[in-house]
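Order as written gives the chain letters A, B, C, D, E, F, G and H; numbering starts at 1 within each chain.
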Amino acid sequence: MCKSELRFTGSGGQGVILGTIIMAEAAFLDGKSVVQSQSYGPEARGGLCKAEVLVDDKAVNYTKVTKPTCLMSLTQQSFDKYKDTLADNAVLVVDDSINVPKNIGEAHKVYKLPILSSARKVIKNPMSANIISVGAVNAALDLASKESLEDAVVAHIPKGTEKLNVSAMNLGAQMIKEYVH
Amino acid sequence: MCKSELRFTGSGGQGVILGTIIMAEAAFLDGKSVVQSQSYGPEARGGLCKAEVLVDDKAVNYTKVTKPTCLMSLTQQSFDKYKDTLADNAVLVVDDSINVPKNIGEAHKVYKLPILSSARKVIKNPMSANIISVGAVNAALDLASKESLEDAVVAHIPKGTEKLNVSAMNLGAQMIKEYVH
Amino acid sequence: MASAKELCIEPAYCKGCGYCIEFCPADVLELVNDKVHIKNIDNCTKCGLCEMRCPDYAIYLEEVEG
Amino acid sequence: MASAKELCIEPAYCKGCGYCIEFCPADVLELVNDKVHIKNIDNCTKCGLCEMRCPDYAIYLEEVEG
Amino acid sequence: MPSKLIEKHLRTDRLPHIWCPGCGHGILMRDVCQAIDNLNLDKDMVTIVSGIGCSSRAAGYMNYNTLHTTHGRAIAFATGIKMAKPEMTVIVITGDGDAAAIGGNHLIHGCRRNIDLTIVVFNNNTYGMTGGQYSPTTPTGEKGTTAPYGNIDGAFDLPRLAKAAGATYTARGDCYHVPLTIKLIENGIKNHGFSFIDATSICPTYYGRKNKKGGPIDMMHWQEKNCISKTKADKLSKEELEDKLVIGEFYNEPKEEYTDLYQTIIDKVGGKRNV
Amino acid sequence: MPSKLIEKHLRTDRLPHIWCPGCGHGILMRDVCQAIDNLNLDKDMVTIVSGIGCSSRAAGYMNYNTLHTTHGRAIAFATGIKMAKPEMTVIVITGDGDAAAIGGNHLIHGCRRNIDLTIVVFNNNTYGMTGGQYSPTTPTGEKGTTAPYGNIDGAFDLPRLAKAAGATYTARGDCYHVPLTIKLIENGIKNHGFSFIDATSICPTYYGRKNKKGGPIDMMHWQEKNCISKTKADKLSKEELEDKLVIGEFYNEPKEEYTDLYQTIIDKVGGKRNV
Amino acid sequence: MATNRCRFKLLQGNEACVEGALAVGMRFYAGYPITPSTEIAERSSVRLPQLGGKFIQMEDEISSIAAALGASVAGVKSMTATSGPGFSLKQENIGYAAIAEIPIVIVDVQRSGPSTGLPTSPSQGDVMQAKWGTHGDHPTIAISPTSVQSTYNEIIRAFNLSERFRTPVIFLMDEVVGHMREGIELIPTEELEIIDRNEKMINGLPYAVGEREYIPHMPSFGTGSLYNITGLFHDDEGFPTNDNKMAHDEGLRLMKKIEVYKDDIIKYETIDTDDCDTLIVCYGGTMRAVLGAKERAKETGLKFGIFNPITIWPFPEEKLAELSKKIKNILVVEHNYGQILLTVQRIVKDNSNVHFLGKIDGTTISPDEIIKKLQEVNSNAQ
Amino acid sequence: MATNRCRFKLLQGNEACVEGALAVGMRFYAGYPITPSTEIAERSSVRLPQLGGKFIQMEDEISSIAAALGASVAGVKSMTATSGPGFSLKQENIGYAAIAEIPIVIVDVQRSGPSTGLPTSPSQGDVMQAKWGTHGDHPTIAISPTSVQSTYNEIIRAFNLSERFRTPVIFLMDEVVGHMREGIELIPTEELEIIDRNEKMINGLPYAVGEREYIPHMPSFGTGSLYNITGLFHDDEGFPTNDNKMAHDEGLRLMKKIEVYKDDIIKYETIDTDDCDTLIVCYGGTMRAVLGAKERAKETGLKFGIFNPITIWPFPEEKLAELSKKIKNILVVEHNYGQILLTVQRIVKDNSNVHFLGKIDGTTISPDEIIKKLQEVNSNAQ
């Protein structure tokens, strides 16, 4: 098992895959070994979407996450599908619209954050939800340096949207910092 | 080796292949085992053409003629190519325009017949040369019954040309009968 | 007996594209939580344009015994 | 120095199709043993039609030092 | 609960379909069903053949005999079905990639034979299924994931190509002009010969996004404004026509049909009918 | 000894060629050489690409860069060559089967791209190499070894198809009207874009024999009589036109060429020329 | 036989292929000409309409197999024929037939390859391609006839297997057999055992199988069933699925349906295998040269047995393994650079005893060459 | 490594394939999109014009390989990429490349088959097709990378082999490797050993070979040589021939040029093979799961070696034969129903010790499954 096994889930079009690419890139820029991968399929169109990152100090061998140490979910449907296969003491970063069963809440560290609503209301761009979650996950796990994460974000978003996305990232990190369990 | 191994050669368009099919059909109608085959190739277009028949009382196994017991040739070029691989005491039925070297004439039974010219002048159809040669070869080898040969000829020529072709066949047989070595 | 038409919705099919709303000539429809919703059925002229352009068969007119 | 044209034949190429003969406007050519043959060179107008239509490049006009 | 039309013609247990929100393919699939319904065809005597692509997924949802084949080959499969069962109504649902890229040869040869098939191309000017590459109908200059600097290829005018190849019925419809499009499909099915309907679709997910066409609604508005009838088009200048798409029936000249001609051969050589 | 033209443009050590007595392909191959000669092209900057068929055997005899490919794919191979070396004159010699049956898709897509290739189809209305089956240009009703009861397929009008697909130059020549045909090929090569020349050939061995067209000379006479220019054709009634074949230039409308357009992309994104 | 005037006929292998297919009920043929298979198309074009069947010449080989599959789906026994280059082009749709489980017979009259190769020359270079030519794991049945008569008989078996197992069957002829003429007996339809597909769906589902069954039944289009066929992995209704268990079950079932019934599919011929030091493994046209060598056994003093895998895929592994146990040398003779050889090497425990004779130069392997090779094998063995 | 900001980059396997190809000099790409290979086309379309190269999206896979071959003939290193269905369609022209001896790299990012199958799921179902997919006997080189880094490195080797041996090289990726992202080192062109084709003809003939040489040299079109290329058997000038001796010599030489230099072509990796009871044979993406199982060796107590044939064709037979002599059990792990398994069974003398773990259900084989299988193998062995 790797040090960190991240699984991001949501519905197609929410930028979940990009989120994992950015996470991977950030860790990679810090000199870590990473493997990122995703599920494809026509179903991914409107439906469920899953992407993963493995991070370690030594080489990552097996390329798939089996027991995530971190699950990020943006929709209830995707959360329900993956909520039961987690590593012990996993970190869960989920949208606050998601209903997390008690047993899971007790067994793991859960951050319920207003990701989707903040994207809409604070950042004023629903497409920024994935960047908020990236910021949040990174902060929750203390995975990559802030600089690397910022570089990674900037490298993967359309030119001209840097400011917006960096503030989304910061917003995510801040949510974690200020989170009251 | 089969009882009879026939090789017909000439140039493309002379009906050499059809000749062997008729020979094979005739022997087959008489209850013999036969295998007929031919060389294909774009070269067969204008150039050399070769077709073969194996005839036996028992099943014919190997499908190619290796040492013909009978060689029929309509052109010098094709004769030259195949003149040197013959069974002992082979029967050669060749157009009289062909120059047969002395050693071959002595080692084998050679019929030099006016096949091409008779086709033109007697039958008045250059395309009948192959049927003349069929008649001749059959008579020279006493291979198939006259009835079977006639049936075979009729089965393979265009409707309406029966009379012409049967007389071509007979002409070939007659040439052998009347041949003076 | 005359038959009338009723405007029906199948929310499970609706993907919230908004065609029906945009092209409804009578402003009958709206989007609620990314699903079509009838906001003003009285305006509806039963013209059927929403049904025609709904890519997901989520809105349609059905004959009802009048 | 003026250059003239000469009618040439390459018998090895000729397949005896007869085009040159049939379409020669001056009856210069004939078929002998399935090969083209010049029967009457004096008639030849050096029009080049035989060369143009020979599928086998067996007949042609060549410039000669006049 | 779905509508009666949908209930009757689709496999409703498979709905909702996999197409994206706002994908025009759903509208066009309904058009085909409506045309079949209007013609009162026996469903068991209707076969839908499709290739591979988002569009070609239609077959799976439609409650007739349905054959989802390999990429580009739908018309060839359909030809075999029609030959084997000439009494069958055979409709091919395909995409611009499926029909005009990899399948272009089968398209023109189907036209040439004038075999009684009706081809409906769900033409979204892109390869939707593989994620938005440019297609043979992507207008020159537009973008796709494989045309990052703008597409330099010319685009086929498919009805024109089909006609030149021998189709006896050609037309173009779209997603906005639904009654017209239904009628065009109906007429295509009615033509006893090879019928080709270029049905302009909408792919907001890839074609729209890549080419900054706005969302589905914007793209539908584009069709509303720019898809014009031949009569209207005839009155416009070349410049005015630049961004217009002419819809309607282009060609309808029935000719002897292929399977009929084959039957005359069977009759002539003494073969029995329908062995 | 062969003529100077033949000496210069053909691999004379390979002559005589394999074509049958009276085969029109030999005449057409000479036409291509003559056109190249007239244009004074550097032979090293000429590539002939062919597919498979009697016609496609031409490549082997021609003394340029010659590529004898797989059946139907010549235009696709040629596209790669032209993209890699835009300064090369690339001519495709193909047959009606090679170009219009199995290769039909590559033909229409070549047209669509308007890439600078010149296609010369040695069109003998049959598959000569495989022994005389009917082809997509065999007139309806005629025979082939696979159409023993008469062909029921429609025949492509190839220049019309090419034009509809986007070719910027289309023409038809034959074996009788040699100077015209040479000129058409010349103009095709000169057109900086996709040029399509349908060169009517003569296959006495199969097409002629199967369809009782007489020998080569009769078939040549048929072309003499029936291949008429557009001006002549315009004066004839539909009935009179029935057995006529219109020859000459049909379409010649230059448009931006594909490899040129690609170069503008390279220039735009900073790629060097000719790496 | 007395005279051959009734049900006996002199036919080319290619022609016998058509006549056998017609006898077993083939009523649709789609093809594109290619040497040396063209006579199959030509004879089909003459014969099919005489029996109310249909022939179509398609624009290429891909559309040919596609049209044949379409006709099969409509309930008509269908065939397509080709040679090397065309066989390569048909591969994608062979896989389609396998996963969609559509009966069809694909004839490949092998010629010398690769590519255009030597188009008119004999070869057996497509044997491995017949098994592995299409992408992905898939079931394969391939049959290789040795004579004109066996062509007639085996094409009938090919159709029967195809219908019974709902699977494409490759009929692997070669130029030698395809182009030679022999006298054969045309067994008429009435005397044949003919297997037709079962049109009654199991549990009302087109891809459902009964217990201990592996083959779903197949209704024809237009007979009231209104179902879906796809080349994607699918559920029992024929609808595409991404469900891992369904995909696994379906993929495995496709392989199993051939595996489980392999004894019904496999057919081979053994000659003089009871008492021999050397066993020749050969098939198709090459068999004839081996028989030619056998004819001369007295003269040459060479004793050898022959193993002819008529069903070449699935290969008759068990029988060969059994035979190999009591035989010193095995000589594989085939018209290629060693294809079935690899399978024989895998089956036979001690590879050192497996020898090979093969070639591709446009000529057939002759009895002389076989005799020479046998002598070599024998002398090395001493 | 410290930080990864210079020549280190996070890339997808498909992207690394393009970057490696560009580094070794690929300047022409022709393709047709298909999952899961599409990113190769997409990245090529972006990158090639930046380097003065050309990208073209053709109308299908057949024309794609044809165009790439055309460009290669004109002297430009060329590549095409596809997945299963497209790989089937390219087969005919792969044979053409083999006999005409035109360098080209064909990438097949395998997906689950047959036919459309499970288009987005991992598989290694085309391994045998890579060797046998085209008709007729022909040489094959195929390489299968296991990671994003090895994709970059091995595609460079693929081009080098292709140019050196004038032969098509199949680059056999799988969905796992193609779609995952890893950090890799992009070794720049200047630091690479690059093999370019030798354009100077031997004896002035494009298909002549020197003594003890098997590979003719290849001038590009437009460099003054005016020669012929054909897919027919041909003489040294490249002109079609039916001469039996020439055909024989050419056919044999095509096979020999790979056979003779196979030590230069073959590359494999062995891990812990010195002291193990069980050897796992695996390749491509599956290797990662095996390494995953190895990671847990301490925990599970399982000792095993790994043999990874990076050059999968020609298969590293000799090395495996050697290893097999001192090993009790061999376990072949691949993402199919047993393909390389057959080759392993052929090579390994006592088949009873060859075990197999494979599947196709859309999921990857996991370390857990491997561990379970190893335990099974071990317990049976007792």
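Throughout what follows, a contact is a pair of C-beta atoms (placed from the backbone, for glycine too) under 8 Å apart; a residue touches a chain by one contact, two chains touch by 3 or more.
These numbers come from a predicted model, not from an experiment.
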Smallest number of contact steps required from chain C to reach chain D: 3
Partition of the remaining chains by touching, absent chain E: A, B, D, F, G, H | C
Chain pair with more C-beta contacts, D-F versus F-G: D-F
Chain A-chain E separation of Cα centroids, rounded to whole Å: 41
Separation of mean Cα positions, chain H and chain B [Å, integer]: 54
Centroid spacing, where centroids are CA-atom means, of chain B and chain D in whole angstrom: 38
Touching two or more other chains - residue numbers and ranges from chain D: 15
Of all residues in chain G, the ones touching two or more other chains: 35, 49, 59-60, 62, 85, 92, 96, 115-116, 119, 230-232, 242
Chain F: positions in contact with at least two other chains: 19-21, 52, 57, 70, 101-102, 104-105, 109, 129, 136, 149, 153, 262, 265, 268-269
Residue numbers on chain G that touch chain F, as the complex places them: 32-35, 38, 41-42, 45-46, 49, 55, 57, 59-61, 85, 115-116
In the complex with chain F, residue positions of chain D that touch it: 8, 10, 12-13, 15-19, 22-23, 51-57, 60-63
Chain G-facing residues of chain H, complex: 62, 84-85, 87-89, 91-92, 95-96, 98-100, 110, 112-119, 121, 123, 125-126, 128-129, 131-138, 230-233, 242, 244-245, 247-248, 251-252, 255, 336-337, 339, 342-343, 345-346, 349-351, 359-363
Of all residues in chain G, those that touch chain E in their complex: 27-28, 30, 48-54, 56, 58-60, 62-64, 66-76, 78, 92-93, 96, 221-232, 239-240
Contact set on chain B toward chain G in their complex: 21, 24-25, 28-31, 33-42, 60-64, 66, 148
